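Same chain, two partners: chain A is paired with chain B first, then with chain C.
Up next is the complex of A and B:
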């Protein structure tokens, strides 16, 4: 107990107490001068009647629906490549992990340039007579474009988790399957995927939580635009809190996000519990 | 995973922490200040100031602090250079957490947001002896309901600025530079044929409307709020301004990327010399693109029915908790004194809020030219929810320019939202 006490105290002070503080704030009207008045469910009533909130929730869900499969599939593919025993594989693994340790702001600025109408991507498409495509200026293209950047910056981390899972699968299974005539796809489908069930599920949950909390990329690359096409829930919390000083209202949106995240985490717990 | 789950609470938590610490007044401001029996001033003064002159600020302020403490050896002054990015957030968290300094540099929107909330104190007594030396409209801009909440230290004028090289390249001389919407419409196609944009209209969410939509609205005779505080941004003037901008956008007379993205300075069309004129800019804002003062020609604010643009006023506000800090009063007097401003303003390409501070720039320089348009500078809306109002209008304007909404419908929707903002903020 004595060993976990420091962590417990820090966790209580910086996670649990502020979370309860935020919950309390969501039920009050808080002014910068420090005046707090109890408003009960008014902030939530306003929130659920606010088109901006529903738009933010829609944006967050659509973004997650695009980003999560994209990141997971790419991570899985890269983990498959990186788990091979070839010469210099450690260098490749390190290179694949580089985007993870690169500042997200730096990544966002570089991708902003890549996506610009005179950037390399549109130049390349122009060679084939296509474009320029308004990657960040179109309400339709902006979320897939942001999801690609998220994939780029996150796949390295997920790849490591999945690769560890793959390396944990006994080689005997693959050898036996090969002797039985299974091709590469069949080995992947019937041995790798079932063997990766737990790490894969963990990665999926991780990515769902991360997607629901998307902020940095949007802040740097689109500012929530064009119009409100990338105005996510966390961006709304930031905007309402620090842009408009509506701390109670922003906290109410934060509580909604907390509830969503808790539900996702609870599903994960239940699933893994069943698995045990 | 469990800790990851709780990250969601993080942002709300920030507010929670802020709430917890809001009751403690002891940390506000510096160490206070007082005048001793022998008339000597003592105490501490802390000030937040943004890097208007970039990296040169630290050296400048250190020298000025030394000068001040030579006069007042018992006063300890600390000037903290606060980056522009996150300046507003820092101010808010400082206020919420009672960790504000004694003095801070403010813009008009700060005054309208905080002045009426009792966060800043009345500073009129600090300059009572020489208030006649300050430009009346500068004092008015930093006042709320007749109470002065910041002492002006600089005035800036955003107006039309032409890039001489571009106009020379297409053979148009200075006297023929466009000054009205109509003239811009006439000349834009010719510039496009030569490979130039007539302007760069910035509509990215991070860009202020003071440098984009507002001046064109004002030039058309419109205002966000009228003198009675009523929302008028959905009037015919706004539609006219939007038609004008749409004309530029639809015909590619302004870079499309600038509608949605805050273009990097180094690679922007302005830096590449592809833009002929900017509607509402200061000289300082363009020299950062690598343009020299010799390349810039200052013109009157663009006109449709009137020639009006954004007139910025920067000043020093004193926090309520430091209202009795005599050392802070003296420091504000020092940093807004004529001798100080004569040194301070030219390094920052800004104009003087004091009538006695003149001849800061060579007669024909762009900065000297700006001064003649100072009386055309306005700030609108002058309401506590100015930032929120602007953020309501940004997507509305953007939706029109991207062809996603009809101008009248977009402005009507925005006007309705602004009514709600005013109701909440007491504007």
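Up next is the complex of A and C:
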């Protein structure tokens, strides 16, 4: 009992209590003086009538629809590329992993300049007479631009998971397919992909969760802008909570995030059940 | 030469022609260069303080001027941020590993009332998004007087569920005979934990340790809301404020590099633990 007690106490205080606290706050009004008053469904009523909330939901979904396939496809391609056994492959793999260990604030600061009007990307396009493109300042380009940064910072992680999955596929399958005259694409399509079902599914779930919770990049690079073009749901929770100190209202947005998370994990369960 | 001659059954491996080697490396080199470009940019801009950016010349600095690093570090703030971050990361690693390994031993090998119920509650809590708990956590720490303190920053982060699950799985694999034998010899639970369980878990402790360190070193949202006094910033929050001040691009890039280098050094030393940690999370 002594062994679990310290862990459980901290867990109770800073995980279980705040979870119920969040639910409670979403139904109340919390003033900075510390007074809490019960307001029932008022926060949700206001939330569902607020354009800012529907915009945040739309931004979050559009961002995920761009970012998740981008990260997964690039990771898959990179896993394929980095699973070759050639001299020095470990050095390449280490290079691909470097963005993963880099803090998102560092990442955001560098990419903010890369995307800026005087930055290297627009300079490069300028050589061909294109641009300058307002990567972060245009409401159309901002979400794809952020998704590319997320891709850069995350593919190294997913790549390693998929590579481990590729190593589990018996080499005989490939040899047999080669003898039957299958080309590289056919081998990838009919052996690698089916063999990777589980790790691939894991990576997709991981990316959905992470793209729904994107915050650091938005905070540093766009502040939710231009106007509200990158004002995501999690950014809304932060902004309403710590920008305006509307703790109750922000918690109501947090409850919506909880509901979305529950739906995603229910789908995940259904899918896994089908699998067994 | 003599080596191959002595083993006639194995035909000497034919060397790949150079163009085969080159074409195998080429795509990897191109992708690696694109991946590393942002790091390169961070470095070259940070060593050209006080100069107007002029592409492409700025990408190839005429001289390497590290004075911005000296100025940042001597301004005091940056040094404080490094110390704050180091305290946050190192103390958290020790506490996370201590709490998680003890609890994991109990969950894996001991029986106590309500064990299964508690475990189910933990799994359920994984579903609750971090961001919903952020505000109540902030209010709690604020009521306890922990805003802008080290302990207030550290305390809410040390009951790590992922660490507990991984440790539990690992400790469950340690043979019961080992523990029984020690018990027959009259060892108490504390001694069994310290002398039998912990030594066995060394590899997983190292793997978890580097990841917990990485999470805390790079953590942003919690330090951002919990420590708002600039003397209490961690590096990520400080870097974000440097970026907002927009003093100069070289200063921001130098700050970014200072934030990156410690984690980079740890990565170079502990690389295999990082790789092991990732693949472990994928297998589950």
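Convention: the second predicted complex is superposed on the first by the 263 of 276 C-alpha atoms of A that agree within 3 Å, B and C clash if a C-alpha of one lies under 4 Å from a C-alpha of the other, contacts with A are read in each partner's own complex, and residues count from 1 in each chain.
Heads up, the rule we're going with is that a contact is a pair of C-beta atoms (placed from the backbone, for glycine too) under 8 Å apart; a residue touches a chain by one contact, two chains touch by 3 or more.
Since the structure is predicted, the reported quantities are computational estimates derived from the model, not experimental observations.
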Clash or fit (per the criteria above) of chain B with chain C on chain A: clash
Partner chain in contact with A:224 - chain B first, chain C second, else both or neither: first
Touched partner set for A:188, first chain B, second chain C, both or neither: neither
First (chain B), second (chain C), both or neither touched by A:201: neither
Touched partner set for A:22, first chain B, second chain C, both or neither: both
Which of chain B and chain C A:105 touches, first, second, both or neither: second
First (chain B), second (chain C), both or neither touched by A:120: second
Touching partner for A:160 - first (chain B), second (chain C), both, neither: second
First, second, both or neither for A:81, with chain B first and chain C second: second
Partner chain in contact with A:239 - chain B first, chain C second, else both or neither: first
Overlap of the chain B and chain C footprints on chain A, listed as residue numbers: 11, 14-19, 21-23, 25, 30, 109, 112-113, 118, 202, 213, 234, 237-238, 241-242, 247, 250-251, 254-255, 257-258, 261-262, 265
Chain A contact footprint on chain C (complex, rising order): 21, 24-25, 27-28, 31-32, 35-39, 41-42, 45, 53, 55-56, 59, 99-100, 102-103, 105-107, 110, 112, 118, 121-122, 125, 127-140, 155-159, 161, 164, 189-190, 193, 214, 217-218, 220-221, 224-225, 235-237, 239-240, 243, 249, 252-253, 255-256, 259-260, 263-264, 267, 271, 274-275, 278-279, 281-284
Of chain A, residues touching chain C in the complex: 1-4, 6-8, 10-11, 13-19, 21-23, 25, 30, 78, 81-82, 84, 86, 88-89, 92, 94-99, 101-107, 109-114, 118, 120, 123, 152, 157, 160-161, 164-165, 199, 202-203, 213, 215-216, 219-220, 234, 237-238, 241-242, 247, 250-251, 254-255, 257-258, 261-262, 265
Interfacial residue positions of chain B with respect to chain A in the complex: 1-20, 22-23, 88-89, 92, 95-96, 98, 113-114, 117-119, 204-206, 255-257, 259-264, 267, 385, 387-388, 391, 394-395, 398-399, 402, 404, 421, 424
Residues on chain A engaged by chain B in the complex (per definition of touch): 11, 14-26, 30-34, 36, 109, 112-113, 116-118, 134, 136-137, 139, 202, 205-206, 209, 212-213, 221-228, 234, 237-239, 241-248, 250-251, 254-255, 257-258, 260-262, 265, 268
